[in-house]
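Listed next: structures, encoded as structure tokens.
Look at the two complexes coming up: subunit A is in both, with subunit B in one and subunit C in the other.
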Partner chain A sequence: METVIKQSGKTQVFKDKANKVMGISLEDGKLTKSYLSVAFLAILLGGILGLVQGLNRAGMLELPAWLNYYQVLTAHGLLLVVVLSAFFTIGYFYAGLSHTLGGLLPKVRKMAWIGFWMKIFGFVLAVIPILMNEASVMYTFYPPMAASPIFYIGLVFIVLGVWMCAFGAFINVASWRKRNPGKHVPILSFFATGVFVLLFFGSLPVAIEVFTIIPWAFGWVETINVMVARTLFWAFGHTLVNIWYLTAVSAWYVIVPKVIGGRRWNDLLTRIVVIALVIMNITGGFHHQIIDPGISEPVKYMHVFMSLAIGFPSLMTAYAMFAVFERTARRKGGKGLVGWYKKLPWGDVRFLAPFIAMAAFIPAGAGGIAQTTNQLNQVVHNTMWVVGHFHLTLGMSVVMTFFGLIYWLIPYVSKRVLTPQINKLGVIQTIIWTIGMIIMSGAMHWVGLLGSPRRTSYSTYFDNATALSWDPYLFFLAIGGTLLMIGVLMQVYAVFYLMFFAPKGNTEFPIAEVEEDEAPTPRWTERWGLWVVCMIVLVGMAYVIPLVDFMVNAPPGSPPFKTW
Partner chain B sequence: MMKSPVYGLLLLFALMLPPVANLLESIMITHMHMQMPLLIISGLFMAKFFQHRFPEFFSKWNENGVPGLLLFSIIMVYWSLPRTMDEALTLTSVEIFKFISLPFLAGVPLRDSWPKLSSFWKHALIIFFTILFLALGWLYIWSPVQLCNNYLIIEQITLGWGFISTAFAMVVYLIYSYFVDLSKYE
Partner chain C sequence: MMHRSEKVWLILSFGMIIGFMLIAGYQAFAFEMGPPSYGERIDPQKVDETAPFDEPGIKKIGENEYEVVMTLQVFSFTPSEIEVPAGSTVHFTLTSKDVVHGFQVAETNLNAMVVPGYVQKITQKFDKSGEYLVLCNEYCGAGHQMMSTTITVK
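Let's look at the complex of A and B:
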């Protein structure tokens, strides 16, 4: 495929092959490096705050008067669920777009830079009130808790910045398709398209929410409809979670098979998984509101199905991954019912980290399915169990996949190579992170079942016996958190070492090929217009009934509260 | 053996089961936006059977697809009226007509017409329904009175928003097909 792209005035011809041999263009590399640097600075800061929280909850650290637990929690949540994940996802997929589509269009690169600075600007705006203790509303910023309006204006800029990157990706993909008629979008860019479609449509509801909050936070309107705001938030919050998951999944399907020297899973089924996750995602938001009042039982019942439906493509993924592992290991001479696992490259961090991440998704997904049922949710809602759950899903499955990616992605974008020492560091880091997360998230799950609430700074509730019985578990939480902090430091060191100090050289962007005898993928998989319509129709089915109910039968509405 | 007509027929029978029909008809929006589309979908599945049995009929009466399109649209418009929904709940004959007309007079002709239609007609159809749905949404949401004897005003408003969100989906599709010319990619 011949792809000619004008690079800022002078014309450069990028052949796909050339792109593979010479690696990423300097400008595209710089973009991804910047995004990844922000992501890992966020994890450094966020990790420190996480440790502060963990030590506080174990009763080992009393926060000084000028630092409030909820301030720390807000920053931890925002840094890790918004900054880390958004910046990593965008940095990684933009490198993928650049690699598989023959370079970014100059216009698109510019959009991604504008998006970058908009997000940074927005983030700075949001952080100022947090530091001033004017926005300790946690990353969910549910009304009726109200932060300083500046906080929400910051969020608006973050969302706009994300949209810039989403549209940049669409433009690049569309332009590639025009230049390559009749061809399928390369699989990694197909994943990117899905992710950016979700990022855009998933953040529409939160944009609407924030625009209703701003006048209320300024005091221009007196009250706000709390249920509507919560619902709009979770339509976004849930989708966001699944966006990182889909990002990790893209690496499992496309990258990991190549790292272990195999071929990837069936192309058609892979694309179906992407399409299914895009269509069915947003409606899962309601499983965060199972305990919310004002939603009728039948509607909640419908949402159990909508939420469980997302489990189906995940099960397909689990099957696909193990099939790929077994096939590859057997080709390398692996034998026996389970003995083939010996043939996998366990000493290679680029495999080990995503593998453990995947394995962690088995208990994490099982916990998720349990939580999404009405009765079980009553037991764990707003307890530390939930915090354990998302540290397992996000902190382990997603983040550890991201960790595993940087050992080739950063050398690739900075034209360096992974050294054996850093690989070893990575393996040790992976083990430390795994042990730390098992201890921390295990303790969180357990103490949650015993009733310890989430989002609550240390308290013995006047030496109540039940509350005191939580202490040993919270102590384990602190131990796990300390291990994780060590892991964070090692990881951040590896990232910046690979970016600036590792030996120069060429690193490959590992993308697995399909099996040779595979049937061609049908064309309908490319009909994104149709998938988006299906998604909107499904969203309509899920949201129209409850939202109309909330608005027509609305209670008087709530004035803003400052609870801290 | 053609499987899809059998599935279509099974779907139709399932929808006709009294408990299923009662459940779907008990809520206004599931009546119009779930039961009725499912009836049409059952017709889409069954269409192959009729096309094989009566090939001349379809080629003679629906040569360029436009007559089928018109029939589909008329049936659709008929069933978008509040009054017809009400009648379906009170008069058995109208209820039976619903279960016949939507699969066989809307679903089947749509399936036969769609591949025959030029993209002009396809887009015309979507534009027509977008406008119709916006208008109906407006009617159901802002009507000051209860339009159906059988459904409360809140259900009517809900249905109105259902129309608006469906129209929104179609607008997104139209914008997409305006900007993305699929033939350029093939």
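Let's look at the complex of A and C:
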């Protein structure tokens, strides 16, 4: 393979065909296997830390001085919101790019490897100060809390590693477009393009933030502009979680219909959902600042619209998914108003896990719409409600979709097959995860409404009666957390069994076809330059006014504080 | 391309989002229920010397109306232990002397971010008597879970 330096058109066509018949090339498979291995080691470690917090919060476990609650929480957030999600997303989409674009270009594969090691290096740099209790600043690291500068340098490498992979994806897609003039980018690569566009533009603000923090953390600059840093963070922070959501959505539109033996939803509408989510996403982060000082009510009100607008493509998705299920089930002979559901493959974990993940997004999305709405946000801001919300969205809708994907994705990249035993294990794991998450997230939502704060280790607030009345609910965090830990162990076992020990064989990369009578998708959907311009215009509308105000009318800045 | 049922669904979805917007906007601007957004700047390193925070405390400013000037710092609220009669309206004026804190009073809708460099304001009418738990809901350091006080309504 290494001897083929110049790829002529002919060898590329041959490779495209070989890819379809023989499955993924060994090198591309190895790349995805490495990314997925890191992702699931992160969930193992992050899961253990999560259980530790749940037990502490229930008042059942006192943590030792050398590993306090806030260290555990910082590491848990970083491992699951950044490492698990980034490595899974990149591993999955790079396998998708390889499969749908006829293999990764050697240059792109190299970029993905450089990105891999940059992220690992950055993560190790960030974790060392966390373990030394020099960076207990949470995943949000709001100034003027100042961690060790090493922590921020680690974050820079993680971001650069992600950019490496984003640019790799752009190069691969651009090269395919050049070789296939007039054709639409295959749908999964279209999703990948959207995800990597968002990853790049969404992480720009945090990169700027971190570059202003580093000299301040070193002591070269005395003070920092707290609100500018905070605003830049949230332009990134919420985009990030929506990127993981968009990754899950790609599987719902493209993969799941094939798994159930159906055809996918209208290609044009699917692409519109991707474009809408890319254009509107970054501005949504502002709802994290609804009860911040220094931002006027009209600006906040405008931002409510920007946040709520993201709900619209999700509501389009909700319709599309159930329409695909019903159509497929009826073609298989399903009858009745809802009786058709019997024709869906409930015993197949590749369907069951993403299905429950989607269903979970109904209450999760509704809760999101409620809590982003101005004064309703004030009721739940920084309470356990919010923790319940993102465990339902990320922990259920996103992560359980990821779980459902590995039962074919890992066999595909490892040239192995899914066994009935592992499928059964997966079904049981899905049920345990669902019950655990309902118990934990449900209790979090409820106790949050009662007022229990997030990011706070176990406290009775000096035996305050109100705080004591929260204890029975917090107990459910320990029960749910224990079930989730069992789920993590089963999942990690399934991942590594499928990667190294399952029987050898060929597994298909399931990509659904469109309906036969569907009208061709118009060309304008491919105009990524235009979508990026629209996104930048919207970001400008959202952020220029508050950011300029924070900079021009800035109060004296803040010196660094280490309060832990 | 689109089925009738999908059009209905999307119109309902759009209507719901617009409905949220209109109701939230009407409440915010007609009933003054908008989120706390006060914007006055202050030197975060000179809070103790800057009025009104040079004299934190509670002051009666009218019939059943009080003003509480409060500083937040790791890991306490000043003044602590506030007492008002039932039926009082209390206006809180808040700022932070160090890192970002949260001001939350359980069983009320009092919830505001308190950021160094900024003065924050929020108002609440306390109708029911009892002891209300005030707590910091933004992680602020090793003693964050201890940062609390009470408001007693008699």
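The working rule: the second predicted complex is superposed on the first by the 547 of 564 C-alpha atoms of A that agree within 3 Å, B and C clash if a C-alpha of one lies under 4 Å from a C-alpha of the other, contacts with A are read in each partner's own complex, and residues count from 1 in each chain.
One rule holds in what follows: contacts are C-beta pairs under 8 Å (C-beta built on N, C-alpha and C of every residue); 3 or more make two chains touch, one makes a residue touch a chain.
Bear in mind that the values here come from a model prediction, so they are computed numbers and not experimental data.
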Fit or clash between subunit C and subunit B when superposed on subunit A: fit
First, second, both or neither for A:553, with subunit B first and subunit C second: both
Partner chain in contact with A:300 - subunit B first, subunit C second, else both or neither: second
First, second, both or neither for A:501, with subunit B first and subunit C second: neither
Contacts of A:462 with subunit B and subunit C, given as first, second, both or neither: second
Touching partner for A:308 - first (subunit B), second (subunit C), both, neither: second
Partner chain in contact with A:290 - subunit B first, subunit C second, else both or neither: second
Partner chain in contact with A:374 - subunit B first, subunit C second, else both or neither: second
Which partner reaches more residues of subunit A (counting touched residues only), subunit B or subunit C: C
Smallest distance from any CA atom of subunit C to any CA atom of subunit B, in Å, after fitting: 15
Common ground on subunit A, meaning residues reached by subunit C in one complex and by subunit B in the other: 553
Touching residues (chain side subunit A, partner subunit B) in the complex: 174, 177-178, 181-182, 523, 526-530, 532-533, 536-537, 539-541, 543-545, 547-549, 552-553
Subunit C - residues contacting subunit A, complex: 1-3, 6, 9-10, 13-14, 17, 20-21, 24-25, 27-29, 33-39, 41-46, 74, 98-100, 102, 104, 106-107, 109, 111-120, 131-133, 135-142, 144-146, 148, 150
Sites on subunit A touched by subunit C in the complex: 68-70, 136, 138, 142, 144-145, 226-227, 230, 266, 268-269, 289-297, 300-301, 304-305, 308-309, 311-312, 315-316, 319, 323, 369, 373-379, 381-383, 450-451, 453-459, 461-462, 464-467, 519, 553-559, 561, 563-564
In the complex, subunit B residues that touch subunit A: 27, 29, 33-34, 154, 157-158, 161-162, 165-166, 168-170, 172-173, 176-177, 180, 182, 184-186
